[in-house]
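For clarity, chains are labelled A, B, C and D in written order, and residue numbers in each chain start from 1.
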Amino acid sequence: MANSPLRVASIGYAFMGKAHSQAWRNVASYFDVPPVEQAVLVGRQPDAVKAAAQKLGWLSTASDWREVIARDDIDIVDICAPGRMHAEVAIAALEAGKHVIVEKPLANSVEEAQRMAAAFEAAEARGQHAIVNFNYRRVPALVVAQRLIADGRIGTIRHVRAAYLQDWLTDSSGPMSWRLRKEDAGSGALGDLGSHVADIVQHVTGQNILAISGGLRTFVTERPAGDSGGGGILGSGGGGPLEPVTVDDAAWGTGELSGGAVVQMEVTRMALGRKNGLTLEIYGDRGAITFDLENLNELQFFDGRDAAGEQGFRRILVTEADHPYVGAWWPDGHIIGWEHSFTHQFAEFLWSIRDSTPSTPSFAEGLRVQRVLAAIEESASNSGSYIRLD
Amino acid sequence: MANSPLRVASIGYAFMGKAHSQAWRNVASYFDVPPVEQAVLVGRQPDAVKAAAQKLGWLSTASDWREVIARDDIDIVDICAPGRMHAEVAIAALEAGKHVIVEKPLANSVEEAQRMAAAFEAAEARGQHAIVNFNYRRVPALVVAQRLIADGRIGTIRHVRAAYLQDWLTDSSGPMSWRLRKEDAGSGALGDLGSHVADIVQHVTGQNILAISGGLRTFVTERPAGDSGGGGILGSGGGGPLEPVTVDDAAWGTGELSGGAVVQMEVTRMALGRKNGLTLEIYGDRGAITFDLENLNELQFFDGRDAAGEQGFRRILVTEADHPYVGAWWPDGHIIGWEHSFTHQFAEFLWSIRDSTPSTPSFAEGLRVQRVLAAIEESASNSGSYIRLD
Amino acid sequence: MANSPLRVASIGYAFMGKAHSQAWRNVASYFDVPPVEQAVLVGRQPDAVKAAAQKLGWLSTASDWREVIARDDIDIVDICAPGRMHAEVAIAALEAGKHVIVEKPLANSVEEAQRMAAAFEAAEARGQHAIVNFNYRRVPALVVAQRLIADGRIGTIRHVRAAYLQDWLTDSSGPMSWRLRKEDAGSGALGDLGSHVADIVQHVTGQNILAISGGLRTFVTERPAGDSGGGGILGSGGGGPLEPVTVDDAAWGTGELSGGAVVQMEVTRMALGRKNGLTLEIYGDRGAITFDLENLNELQFFDGRDAAGEQGFRRILVTEADHPYVGAWWPDGHIIGWEHSFTHQFAEFLWSIRDSTPSTPSFAEGLRVQRVLAAIEESASNSGSYIRLD
Amino acid sequence: MANSPLRVASIGYAFMGKAHSQAWRNVASYFDVPPVEQAVLVGRQPDAVKAAAQKLGWLSTASDWREVIARDDIDIVDICAPGRMHAEVAIAALEAGKHVIVEKPLANSVEEAQRMAAAFEAAEARGQHAIVNFNYRRVPALVVAQRLIADGRIGTIRHVRAAYLQDWLTDSSGPMSWRLRKEDAGSGALGDLGSHVADIVQHVTGQNILAISGGLRTFVTERPAGDSGGGGILGSGGGGPLEPVTVDDAAWGTGELSGGAVVQMEVTRMALGRKNGLTLEIYGDRGAITFDLENLNELQFFDGRDAAGEQGFRRILVTEADHPYVGAWWPDGHIIGWEHSFTHQFAEFLWSIRDSTPSTPSFAEGLRVQRVLAAIEESASNSGSYIRLD
């Protein structure tokens, strides 16, 4: 029994399903994790899911997630389905005794997130594990950043500047997509990108956002009807009648962290030239760090203890054997890619199951992020006034 | 008479006086400007002003600015004195028929700025000229940026991200300074750095800020008493009893430009590692630009017209003969320094006098900046609510 | 038969074996390649090879490469063993009718490389395929570079500047390793790093090195005896008696390309701070490109056709769907890692087998690289005089 | 007499004359130097020299350098004339008892440089001073580099990589210029750019080049006849009959420093996209530095003493009060330009006169550079063989 592998069922095989699959397929080749098996890939279209399963390394397929959850031989349910399904599937899986991974953001609303967190509390008492997949926590450079801060190397933080800039919606004539419908996606850049920003800011600093003033903007309010929910980021169709865009193209907020820092955040899908520009700047009274996801193997670190006249931002190429996770991969200087953060995340999840330690990022942390997003929406409806978070 | 030089009186010889002096001393060596003479340097301490005049190239000195303004042989009054003196000196000089240069920000309050703008309106009718010295408008890279936008190369602007980050107040035990007293400096980072940001954002985009939500923060609320108003940026003293800091260490705002863009701004003197980090990012639907004052000879330009697969931010080294102002200096690739922006500004001023064309940045533009700063202060007092600017 | 997978035997499971394994394990998840099976991993120590096989995804193991080559059910022999074994194993495999992949450099000497190329010529006539794994040809940014040059966008090339700088031998007290013994490794930085440089220069420019003047240097001539041939890059031992280092720590050359360009190259394992710094600069009369392997998702491109005043090196983030190979991975801006170049290489190899097209990099190209390395050695023995290559 | 200013005569008012003039005009405004006076500007065309003198701040003009040198009221002779005049003018000025500044390179040949060094030896015994103006020694970032090396922070140097890349000759149809005629310019990129590289490498490392293997290349061997010796870098004419280019477009060398390091150098005027790209990389066993003149306010420093996992190249913005020379200019982070290096150089020269200390860079150092250039030419004529320098 101890040697039988943890059997995974994954729901969804679009962009995120593909990323999760690669992590399951490779995690044991690099990390000493409990044995794990890609047992079943779940999707509604049998032919498509079979083709995906073969390509992505899954042993079998299924079309009804409820049946899969009911099976005894599944240990982990990995949810890559659209946000509107997260709460229902995750709660059912937890109630069925499964460990659960939910792709971020945790849910489409605070209410859903609260129910999920409650369901997990009950499950945790039964020895189950669950995480929301804020994978950027596992980018080695950001782990180094988090440790430097935890070790006091940055000192008292005064400023956090965070942005997540993409440009795939720049073209006003681009087609409609499920990601631009509120009922499917919950929100736009706010949930998709803002959730990453809110989580990484709080995680790396070790502080909570206490209050926030923010706003939302939809630059392009209608687009030609396109796909009806397929896999690509942006629907390929277009040319149909105009359909209203019901989510934000951009969102922002200025808040206060529990340690007193000012945090300024901005996310958008309309910053031409920025492809995947999650940037983070943290300034304390002893040091500073900056990071850019487009260059994720690097961390810039300014150490205020360096001798006068010799200070400067130091480009740490976070690819050395003694950097977190990196020793498992290649020799110094051989960079890793974006998807490796998923592999690290899943290794951590498997270790926490093996060791019966708390799994993170927890649903409670996912709920906290949801509250930040909701506060930005509320502030946006109140002329930018600060909203307190409890 | 046509050949007699324009005679300048400059008030103040600290940091800004030194920068202005270099521009007067050198402008005619590089640009075809009307003859100009460094006639008199004005300061209250006779010995110090004499020493400064000799070092900085002034032909004579005086201690009473009123007497100097009253003289017939002075054509231009150049005000580098602290902000609290701007309105009084500038209005008196305008009334005495002089051309006037006021160091930025124009004034310590909207009310002062309004009076100055009114005084200039009357003077303009008499053929006088006046500017507020937002010198960064004359950084060649920012001129290129402004022209690209004016030519439609950036398209409809969606996002402007601007920051001015310095770190000289990071140390909490650093001494008090006149710059940290509201009665002397008007405000802290807001007026000193925020005025540059507000001006450059509006100037480069060619748009006005219509509304803004913002805030202020003083991280270190008292400091050991230091100097009593000397020349250095930070007093050298310290060690005395604690004195309250009455200005902001940091300020920020998120606003809307007249063309519909979202503009996010942040200024601080506590971003460790940033020495003079005025950064600007502008994203449109056809192109994007970024700029960093610590690297002021460069402009990054993303041209959305470049072929697919070949797009990227292009580092334009703005040091070529056909770049603005640059042909007057050195061959391609020989970079210029921060102070050269003053030389360009003064050349522009002298040309506008010679050609009887409007001088810019005008007092009206300086007043508009002042209104932005006041709106941030008002928003800060109103829980971050948006304040409309007329 | 058409549907039966190509069955691979891989010899070696250290650094390179691990990299090759990941490519075999994942190539079919991203690219439409013929079915392939990780059939057998070959190594001399049964326990170690079994453990490696399980981790890296191999279905079985073997300890004698001759037996494996003799098997009918093996289609591809993938040689990751030390350089001294390349010729013997590759020639045997080719004679046994297998397709062959040889890790770079092709051999430890020109003579070996010649025999291998001859063996392949005979095998090619029988429909077999073989490559030497110069994987950097498959880095997307370098494919873009190669295409820009082939399309005439760089124009007539005048200068190529190439370097491969690492620092893992900087410490003079570091232990001896098989990589520092001539009988095992053939040469030092010259073969290990210089082979990459010589290949990528010739491949990207599409030109051959016609003549070269060069040199070699061993900075640390003896080191404490360490490992006896294990897997790590640098032996972990040390502390033993001093053993002579019989290979070069650094090598360099200045040559002439067939198109008339000057090419300057330098490789070293002693450039402190450079972890995996393969850099390439190519200057033509119409454009220029630069590249750095530590940042392998980026290509810098200077287009001489850009308007005057708007020219500059453009940072192309080579992560877009229409960039080579990249569409198979993640959305725009999601960077890939170093190992992905192996996946691309193996996909190309499988495609060439499927389509019966020539496989590259060919043994002939590997031989040409070997001749460049030999010419540098010869020049080094002749006071730096130019050596002509036929 | 002690208070009477040092009176300067400057010969030449093209690019270099303009740069020297600015230094004379401004040096006393920033540095505590002995009083200095821009006494006379010397040039052959009376109208042109008068116009230049007025623009550049000279009190008078003259057309015959011999007469000026004969005058009693001239203390310093500053030679910005073409290289072919250096030896004659400098020797005459030294014999006339003047202090002398010679623009680099010291001469057009080793023989001339030897005579100049000999003339200075005699003059030095009489208390005179002379320098060759290798102004990059006075770039603050390079002073920091030189000090780090002198302090042992880089350790034993293994590799020096230096290049000076420009692109103004890229266009094959560009016109002929005096700079491309051997009888006027002595050599091409070799003397113009290579002299800077040879000097800065030897100065910053504190080591001499002992032997060198090198080469020269003229890519464009004839150009349309253009100017007959005017001021611009490149003649404006063109369109005339083709005239042979008799100097090199590019030069290179690989040498050995006295401390055992390998130094690789390359200079060219045909690296499209590089405007003024003097780059320097120095790798030792304790640290490393890199520098780029296009970004001259920055130094990159890798400190091998930094903790494992926190190492990286540190961007030192060399604009702080405690950096060399910088305190005299502006507050932290306010960058200086290319021409400031001349101001620093002249301040150093004036201080050495005041203090009767040796002036540097000395003629002996200029001669040593000349020998390096001659060795490259000799090696180029001997198939790249190493040439020993005594």
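In this section, a contact is a pair of C-beta atoms (placed from the backbone, for glycine too) under 8 Å apart; a residue touches a chain by one contact, two chains touch by 3 or more.
Bear in mind that the values here come from a model prediction, so they are computed numbers and not experimental data.
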TODO: Work out which of A-D, B-D or C-D repeats the contact pattern of B-C, with more than half of the residue-numbered contact pairs in common.
DONE: A-D
Open item on the list: Quick check: more C-beta contact pairs at A-B or at A-C?
Closed with: A-B
Task: Chain centre separation (chain A, chain C; CA means) in Å - done: 35
- [ ] Provide the C-alpha centroid distance between chain A and chain D, rounded to the nearest whole angstrom.
- [x] 54
TODO: Please report how many Å separate the Cα centroid of chain A from that of chain B, as a whole number.
DONE: 42
Open item on the list: Touching at least two other chains at once: which residues of chain A meet that condition?
Closed with: 274, 311-313, 317, 320
- [ ] For this assembly, give the contact graph shape among line, ring, star, complete and other.
- [x] complete
TODO: Could you pull out which chain A residues touch chain C in their complex?
DONE: 15, 19, 21-22, 25-26, 28-29, 55-57, 166, 168, 233, 274-277, 293-297, 317, 319-320, 329-340
TODO: Mind listing the chain D positions that touch chain C in their complex?
DONE: 158-159, 161, 163, 165, 167, 170-172, 213, 215, 217, 219, 249-250, 252, 254, 260, 262, 264, 266, 268, 270-274, 281, 283-288, 302, 304, 311-313, 379, 382-386
TODO: Would you mind writing out the residues of chain C in touch with chain B in their complex?
DONE: 144, 301, 303, 306, 308-317, 320, 322-323
